[in-house]
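Structures are listed in the sections that come next.
Two complexes are shown next, each including subunit A; its partner changes from subunit B in the first to subunit C in the second.
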Partner chain A sequence: MALLEVDDLHVTVTTEDGPASVIDGVSLRVDAGETVCLVGESGSGKSVTAMSVLRLNPEPAFAYPRGAIRVAGVDTLRMPARQLRATRGGTVAMVFQDPTTSLNPAHRIGDQIVEAIRAHQDMSRADARRRALEVLTDVAIAEPGRRLDQYPHQLSGGMRQRVLIAMALACRPRLLIADEPTTALDVTTQARILQLLRELGAKYELALLLVTHDLGVVAQMADRVLVMYAGRIVEAAASRDLFYDPLMPYTDGLLNSRPRGVADGGGLTPIPGAPPRLGDWGAGCRFAPRCRLAEARCRTEPPALTAADGGHLRACLLDVDDVRARRLVHRQAAAR
Partner chain B sequence: MATVLRFVGRRLLQTVPVVVIMSFVVFAVTSLLPGDAARSVAGEGASQEQVDRIREQLGLDDNVFVRYVSWCGRLLRGDLGTSLTSGQSVREMLAIAVPVTAELALLAILVALLIGLPAGALTATRRAGWIDTAVSGLALVGVSMPWFWLGLLLVLGLSLGLPWFPASGYTAFTTDPVDNLTHMVLPTLTVAVGLLALVLRQTRAALLNVMSEDYMRTATAKGLSRGRVVVRHGLRNALMPVVTVVGLQAGALLGGAVITETVFGLPGLGRMLVNGIFSRDYPVIQGAVLVIVLAVLAVNVVTDVLYAALDPRVQL
Partner chain C sequence: MSELLRCEDLTVHYPIRAGLGRRGRSVVRAVDGVSLRLDAGRTTALVGESGCGKSSLARALLQLERHTRGTVLLDGRPVGTGVGIAEFRRSVQVVFQDPYASLDPRMSVGRSIEEPLRAFRLGDATARGRRVGEVLERVGLRASDARRYPHEFSGGQRQRIAIARALAPNPRLVVCDEAVSALDVSVQAQIVALLREVQAESGLAYLFVSHDLGIVRQVADTVAVMYLGRLVEHNGVEELYTSPRHPYTEALLSAVPVADPDVERSRERIILAGQIPSPARPPAGCRFHTRCPRVQPRCETEPPDLLPLPPSGTTACHFPLEPVTHKHTEEPHDG
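Coming up: the complex of A and B.
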């Protein structure tokens, strides 16, 4: 059984003109021990999808009209409050984007970790404090004993992200959802945090759902990759397949817009245009207005997510071999 | 603890110039009051000679600076002078009046916080629901209502209408605590309502701000109950602006006490000041105002210490 199984998730958000769809039929699964990356531009719905798992999108502004999110078989969208609390931080833990604002400035580091532990385990304060010291040691923070009694503002951003990871791992979750965990950090700190996540993933036998817009992070971390665009998953593949053989023009565009080889004189090739506004998605393929391969039918006929090659899924009406051929031509032209 | 004491010591030293300036302003302003103390001491039918003699006895002929310096000299020895009308020492009068006003102010702050904080939290978490609308509406009424009018309404309703609480009079807490508190109910409510409404509105606004902070999401994601998230993580961080408001209101609170004590016949600082002004009793006015100035300054120091206690990022 999958550890996490999102099935036809629909999420809406209340706007001035009534509810608008932000997530439109997303399905995904994460098995025990694997690392899955969810990539996409800002506004593609990747964070909302991740937050939905523990129902952390602010309600009632956000609503879940259809779909299910099963954690170890039980739907979090229909869980009683008590069970949802037990799942949050228990089976599934989360790490967020900005470590500088994600810790409460008024409480000591140790107290915040102890609180997380005691929310799930019947443990004395002293035992919980010992466990807190243990996880702080696990995340390789310098002088873990001293950190317990410090306040968040006394720690650097990288250290705070380590604290947040320690807090997430304190109750030995089976799935860790990390929403852009390195975006707010400088590059060297980013690399160390990713390294730490990999090591801890192995040590704690964690499944990892990593939300990111950074394809470099994806390449380092992912077993499987899901690409989101305008509230839908448009391509899903093993990491290697996705990087070497992107079968959806949007994914190809993302890969080309990486600053790879800029130092050698190669330029960036950005995707023209901007993602559609919330809910303003048209009838056909949502990427069609920006797609250089788009045909007339792309604008009227919505593509379904279907298997192209073994486990490689994509939502595109164009012929697979045609996409491959034109990708090659385009890359050669760009290289010249 | 040592840092706190050092901070308080430093702050008290800083207040010395303020106290000196304020005391002179008070002294000068009382001297400029229209009316003649000597005449009011001498009585209606006194002759001009009698009045002049009394004026000389009281030292009112001297230049204002001379009188200020001699007043300061006596002040430093703990002598605040004697009332021109009753001949009672101002220090003794203050010893009776200050506890009454202090009790009134503390009770009002206590009531305002005990009701205002939870009610503010409740409205913030049920934003735009009927509870929020009703309570916020009431709070607006509470902020807008003049103190004297509310006091009169309370007397009409809860003392004359329903004879639950006495409308006036005072018993010292040390003499009879129960009788003391029954007498304090209406005055406390009168002073508390405005402050309560302010605390409530401030708590609601601050908490609504804090609710969207990232650490609130972290707290929820840890698996804490909604109540614990709101109180331990939300309210704790929302307290700062509330403390500011209560601190700033300390002066207004003492002003409100003047009116309230007059309405309810409480022998406090406010009534002492009002009586002093009506009878041009300079030493009494000066003593009372000096105490009020000191109280407001003390509240400021306490507020700063509370800031540091609430927010570890604040250095004393």
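Coming up: the complex of A and C.
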């Protein structure tokens, strides 16, 4: 069942020159028990998309002129404020990149979790504290009873992120949105947090929307992957299909920009140029100015996101088999 | 290979306050007795997790941080006595992580790049202007970009400008402190390619400080691994990645996620228990013993020395991992 359904989302932001488009027709769905990764570089719109689900982009600077976001069938973009507040941290929970700024330094960990629970559920303080202890145990924090009475500064970065995951889980959400949850952490800590997210996702049958720029994290976590570029989804596929058979030259370029294995010293092929600035997107395919394969029509004609084969979607005007053939030739040339 | 820069027993301790306004006796041992040799024309990577002391070590080598103990030598001559600080600074330049913070927004790009040349009194105004144009073109920008200001450039272009500034006085060593970490994935690969081209052309050496083991594999000739202020392993890049000898190196490599779902689903990770101890109170014996999956009683009391370990490299471990056989490429040389 689709727990989250984003349908033709458009988001604008107010600039000195009037409203500029940041998200331009994004559609996606996340089912219960499924992990979907939203990948892209800075400015691609991946975080704005994630924040739109709970309308956390600061309004009125950000506006939603078109589209719908349905959480368990109800449109959050048209929800009354009261219902939206109940959804935030209730049905849908979020975990952000920086565990330090997400916690209040002046309050004990336990009090912050208890407050989050009581904001959503009619529960006594004692019961809420018991639930807090339970979720701290869930996220594998040692001596959870003692941690409840500690302040954020007494915990390490990895432990703070566990506390935030615990807090997110406290009200039994059905959808968890995690925006770069391990980007600020060291690799050994990251490995533990990702493992934890996988275990908890399975245990609670969570729908997990994971926003990240790290293709290694995607390979480890994703059932399905959505690649964003300049405010649009440019490719969407099951994880293996995307990694082993990328059908949009941008995805292929992204994969060639990173080593395939830890011990892989086989050279990287960068994508020339830089991602376009906000709104500076041109008429045709937004990746065309950096694309090796671009043809004249790519610069004028915008490609739609269409099915290549099976559930594999891509926004590219070029012929699928042509893209495949030229990808192989390019890989072989790079290997020599 | 000839030695360029070397440190011996380099130690950086920061005092920490015991209470409000009172200076306590306690110190953070950010870098604790590190000896490392950097060769001319080669890239040495310094890796480790946050708080391991890699940036403190880099700053101490750069003479940006006063060290508590130890010596830094350029061409075998101690910096400060054998080599003047001006000569040292001209020979050793740095590129930092954040190109937004490291360029003065009110200074034109040309003026920023010219700054080190003026400081070292290299050439007259015409020669300096020519050099600015040269290095800008070297990093893939136009000589005419000298008149523009940092805000007109993207993050990747700004990092190119920071590299141009480092190259301007013709240094022999450039310290890259997380120099590509803040950049987008597609841009990172461009900067890595640029650094390699510059090295192939001018034969300068890099000290590449990074937490990103995937990128390090692409740029380094040798890799030094730090944990809690100490070097735990130093070896040729190929050897270190295919046959880590220190259990910490092995765990670190196994934690790095790779962009391959089949590999990710089948590989076994070594998940380290516990937290990194505080560098104010490092554990006795081997500093890694509190988290080491191979710990023995001896590790709790006796600190291991960084010693050569056949067939290659140096390792600080009483019970190192067996070598995986592979072809021999290169050995580092430690002071």
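Keep in mind that, in the parts below, the second predicted complex is superposed on the first by the 330 of 336 C-alpha atoms of A that agree within 3 Å, B and C clash if a C-alpha of one lies under 4 Å from a C-alpha of the other, contacts with A are read in each partner's own complex, and residues count from 1 in each chain.
What we mean here is this: a residue touches a chain if its C-beta (ideal position, glycine included) is under 8 Å from a C-beta of that chain, and two chains touch if they have at least 3 such contacts.
In this text, all values refer to a predicted model and were calculated from it rather than measured experimentally.
When both complexes are superposed on subunit A, subunit B and subunit C fit side by side without a clash.
Once the two complexes are laid over each other on the shared chain, residue contacts for A:275 go to subunit C alone; subunit B is not touched. Look at A:220: by the touch rule set out above, it reaches subunit C but stays clear of subunit B. With both structures placed on the common chain, the touch criterion links A:161 to neither subunit B nor subunit C. Applying the stated contact rule after C-alpha superposition, one finds that A:187 touches subunit C and leaves subunit B untouched.
Between subunit B and subunit C, C contacts the larger number of subunit A residues. After overlaying the two complexes on the shared chain, residue contacts for A:93 are found with subunit B alone; subunit C is out of touch.
When both complexes are overlaid on chain A, the residue A:101 reaches subunit B alone and has no touch with subunit C. Fitting both structures onto chain A leaves subunit B and subunit C with a minimum C-alpha separation of 6 Å. Remark: subunit A residues 41-42, 156-159, 186-192, 194-195, 213-220, 222, 239-240, 243, 253-265, 267-272, 274-275, 277, 290 touch subunit C in the complex.
Those residues of subunit B that touch subunit A in the complex are listed here as 212-215, 217-225, 232-233, 236-237, 310-313.
Taken in their complex, subunit C has these residues touching subunit A: 49-50, 154-157, 184-190, 192-193, 211, 213-215, 217-218, 237-238, 241-242, 251-264, 269, 271-272, 275-276. Interface of subunit A with subunit B (complex): residues 54, 56, 58, 85-90, 93-94, 96, 98, 101-107, 115-116, 119-120, 151, 153, 164, 167.
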